[in-house]
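Next come two complexes, and both contain chain A; in the first it sits with chain B, in the second with chain C.
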Partner chain A sequence: MRSTLTYALKRLLLVPFMLFLIATLSFLLLALIPGDPAVLIVGEFADQETLARVRADLGLDRPFWEQYLTYLAAVAQADLGQSYLTGTPVMEEIGQRLPNSLVIIIPSLLMAVVVGTVVGTAGGYFRRGPVGKVTSVLISAAQGVPPFFLAIVLIYLLVFTIRMFPVPTGMLYSSMRPPPEVTGVVPLDALLAGQWSVLGAITAHAILPVIATGLFLASYFAKTVRTSVTQAMATPQVEFARACGLPERQVVRYALLTARTSVLTYTAVLFGVMLSATAVVEVVFSWPGIGAWALDGVLKGDLPIIQGFIVVTGGLVIIAYVVLDVLVAALDPRIRH
Partner chain B sequence: MKASGELKVEDLRVSFQTAQGTVRAVNGVGFVVKPGDVLGVVGESGCGKSATLRAIAGLTQPPGHIDGGRVEFDGRELTGLGRGGLRRILGNEIGFISQSPFGALNPILSIERQFRNVIKAHRRASARECREIALKALRDVGIAGPERVLDGYAHQLSGGMAQRVVIAMATVHNPQLILADEPTTALDVTVQRQILDLITGLIAESNRSMLIVTHDLGVVAQYCTRVLVMYAGQAVEEGTVDQVFRTPQHPYTQALLAAVPKVGGEIRGLQGGLPDLINYPSGCPYADRCPKATEVCVETRPPMVRAGQGRRTACHHAAGEVAGYAAARS
Partner chain C sequence: MTNPSFPATSRHAAVKLAPGVVRRSAEFLGKAAGTVIGCAILAGLILAGLFAPLPFDPVAPDPMSILQAPSATHIMGTDGSGFDVFSRVIDSAQRDIPLALGGVLVSILIGVPLGLLAGGRARWTEGLMRAVEVFQAFPLIVLAIVIVKVSGNRPENVILALAIVNVPRFIRLVRGEVLSIRESRFVEAAAATGCSPARVTFRHILPNVPGIILVQSSLAAANGMIVVATLNFIGLGADPPTAAWGAMIQDGSQYIPQGAWWVAVFPGLAIFVTVIAFNLIADNIEKILRVGRR
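Moving on, here comes the complex of A and B:
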């Protein structure tokens, strides 16, 4: 246990350095992306004087390295600047939207792990029988259908045809008043105000996007688990477990143990992917999440939004990977000792 | 009290489905292992000796398939038992020792946890009782600090120690019969002897029996009471170690014994290769390589025939050769 702790600390020490690298990368974007932010803000027809003033306000007339240091100092104080177009602080916007996205991403990842592990195990264990063939088809289908398409089909069937779920217009019913603003994070504010009806509405609205995303993600878990279980079933380890007379469910559990690391790895990787990939599903469901917002920022060339999004999601991915490394080490005695 | 535990195998057939066709790995092998017997099954790689062992324990994995034959243990037919019935016998009345201890042991679970699973598979026991049973089993296989081994993991053990742990697990329920698949191939030469001494010691102690698959004739000579020689999925000769090693009747056995390197002597390999196991020959499978082959060998397969005193051989030309070979060797 002691060695796991030291290992965790060592990995944690790397985080600030990685964050520094990400901040640097996101700053360099400024130099790489064509166009003049000043033009974006005041428009193409502004006179030279106005443009120069805006540039000076943004600090764009300073030497490159000076801009870099100013940017790093600001990021270190959690100041990600303001949107060029709306003027709202980026950090505040992210703080309010990221939790909304997590309301979709985390449950869909959990669903994907459970569904994927069950389907993958069945597929690997019965790979030669009809169950194996069916799961194989299911996995390919789930991988081939993009989540937004599944989302549209689900909306058509379950919202407009049988009216089982609310119309996909954000997190709340249109007639519902949002909870009193304390943190700015709607689910959290609802919880603080004890408004269970609001929480219920959020849940009802979240189910379809979670299913659409979760099924897609589940296919990846199912695939890796199926491969691991298929391989494990042919190992001398499983043969010896059977030869010792272990019940079949325990034999399967032995085989599943080998899949544990790859499931954890996929969870961390897909979490990182979903932070931006959730954008399309958010658009389909009008979900006020971070992905749709960042996509909008990218399309409009709103640089502080793009940079802020990169720094925050990059930081989250790094933390997810550190947690992953530590978990893997803690679970595997060969790394732990 | 567990019953006698005689193993009787009759006309066992195992095949493997491959893209090239059906590989006939075991083609009608039969033998008996009586209590107290240590039967060595020998033959070159691919002769079906491991496939035979797996089929007996019901461990044949797809694409392998048992096409026919009977396996009877202690008066019960194992082939028709199904997974559940077989499970109650495996690990309890029949112990299985595999080739590589690190392959067999679970790398993620502690040794104690694995012992507990194996013990609880066949009897009710508390965690504490399981630990006591496991400690005793580890002491019985000559492990000096069993507590430390029990609390540790497979990767912390040396090869010899790990194989002792495997043996302790396989024999924790005192099985009457032990099936061993090349139990020392993965180990250092210096450790091989200790492990074999240990296994055969366990057998001799309580009149158990063992089937050991090996390609090492030295191991057979030293540790087995009987020997079964296999070639291309068939038994070609069977008898006591003394009979088969002193007066081998089948030309393949003779070639196999002649191929054992001797100090100072030249190394004599076997000529030719195994027959095609997909288009299996209708005659004697060894006819291609056999110096004594005649027309009858190519046309009809020689049956396994008794040659007195529990020895059998499958060769058209066997009977007349006994005296000649013995004379030539002495």
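Moving on, here comes the complex of A and C:
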């Protein structure tokens, strides 16, 4: 237990440093981007005076390192600036949109983990039999369908052909009034106001995007699980468990225990992938999430939005990695030493 | 049977071996067949895109036949501008697939040497791996989008974007493989006989890495295909009216409510077939390697 704590502390101490690196990288990257933000804000036909004033307001006339330090100081205070185009604070927008994205990300991550573990374990255990062949075909097939394409096919079949799901225009029905604003986060507000019909509408609208992203990720997850289960089944300890005459169910359980480290690692990696992978699916379903918003920002060249998105998602991923590393160390004594 | 001094034994062995040899060669051929089929699909698609006579000009719309369902004239139908979907699906192959391959090639050229270096014993390799970790924490797909958006819809920019997405995993993979090979007996023996670290790395470790790189490249190409399609889908990487699968799906999505599924579905199927072909290659190379190692 002590060694786990020391390990956790060591990893935690690295977090601020890694966050600093992320902020620096995102600043450098976007500072290299050509184009004048001032033109973006006041338009191409503004006179020189206005442009100069806007540049001064943004601090763009100051030397590079000064801009960098100002940026770092602001990020350290959780101030990510304002959108060039709408003027809304980036942090506020992220606060409202991130929960909407999580409504899709968390269930599809769960779906990927559950489906992936079941399919992958079956595939690894029955590697040589027909079950193994079928799972490997299924995994290959699922990997070949980009989430946005699956989304469109699902919309065609289930929304417009058999009309089982609502038309993909955001989280609510167009006739529905949003819940009274308390936190600005629609699902949370609905919960606070006790409006179950709104929550139901959100669920109905979320099912298809969850399937579209979840299935794609499940295929990658299944592949990882299959590899680690196959490896685990070949270890001496599984042989020993069998030699002891344990029932096969027990043997598989032990094999999964060995495989869980890589499975956990992959879950964290997937979480990172999903934060940006949902973006396109959010666009297809007009879902008011953080990914669709960031994508829009990228296409319009709205720098603070891109920077803010990179810093926040990068930070979340780093925290997820640290939590994961500590968890793995707690489960697997070999890592700690 | 090459050794004349033990005719009886060797004949005996030959008889006993034969079924095993036959079975194993058949197995090997079966696995090689998967790889060959995968390569044939990809080569077929690219060559068809380059040389096959298309029924219609992929960039010349026919305003008289808009949004027609698949028929004998237009076997995959036409889209909202009157383009022939089949001609455009085939025409895209020679641009989309080489992009994915090019992205992988650049990732290998950058990732493999870095991975070999990171597999060394020097202190700084730990730092490099931390840097890779930070880099991987980046929303890489968004980064790829930013790069193409900023530097323009040119093929080399798409390839650069793909490389950025894939380099970290090649570094990690090669490093992992190098570290595990480093533990094996023959590396120990090489070091014991006085080989320099460079010689150990290049003569003894490097030759054992290509197999896993080959498998990973094929997987990375499959993933690269999806990234290219995603870029095209959000309107980057190909200028209209140039055909690209992802862009065709995006264009087709607006006709979905009217029930015109063919505009989006056929390019989607093309992506599907391509990714499956890449996966087929990867899976079968992996199996061949496993047989070789046993």
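Just so we're on the same page, the second predicted complex is superposed on the first by the 332 of 337 C-alpha atoms of A that agree within 3 Å, B and C clash if a C-alpha of one lies under 4 Å from a C-alpha of the other, contacts with A are read in each partner's own complex, and residues count from 1 in each chain.
Just so it is clear, a residue touches a chain if its C-beta (ideal position, glycine included) is under 8 Å from a C-beta of that chain, and two chains touch if they have at least 3 such contacts.
If you're wondering where the values come from, they're calculated on a predicted model, not measured in any experiment.
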| item | value |
| --- | --- |
| A:Thr235 touches, of chain B and chain C: first, second, both or neither? | first |
| Partner chain(s) touched by A:Tyr7 [first = chain B, second = chain C, both, neither] | neither |
| Which superposed partner A:Leu246 touches (first chain B, second chain C, both, neither) | first |
| Touched partner set for A:Ile306, first chain B, second chain C, both or neither | second |
| Which superposed partner A:Ile152 touches (first chain B, second chain C, both, neither) | second |
| Contacts of A:Leu257 with chain B and chain C, given as first, second, both or neither | first |
| Between chain B and chain C, more extensive residue contact with chain A | C |
| Touching partner for A:Tyr173 - first (chain B), second (chain C), both, neither | neither |
| Which superposed partner A:Leu21 touches (first chain B, second chain C, both, neither) | second |
| Which of chain B and chain C A:Val317 touches, first, second, both or neither | second |
| Doubly contacted chain A residues - partners chain C and chain B | none |
| Of chain C, residues touching chain A in the complex | 130-131, 133-143, 145-146, 149-150, 222, 226, 229-230, 233-235, 246, 249, 252-253, 256-257, 259, 261, 264-265, 268, 271-276, 279-280, 283 |
| Residue ranges of chain B in contact with chain A within the complex | 54, 57, 59, 61-62, 83, 87-92, 95-96, 98-100, 103-110, 117-118, 121-122, 153, 155-156, 166, 169-170, 179 |
| Of chain A, residues touching chain B in the complex | 128, 233-237, 239-248, 250, 254, 257-258, 260, 331-334, 337 |
| Residues of chain A touching chain C in the complex | 14, 18, 21-22, 25-26, 29-30, 33-35, 136, 140-141, 143-146, 148-149, 152-153, 155-156, 160-161, 269, 272-273, 275-277, 279-280, 283-284, 294-295, 298-299, 301, 306, 309-310, 313-314, 317-318, 321 |
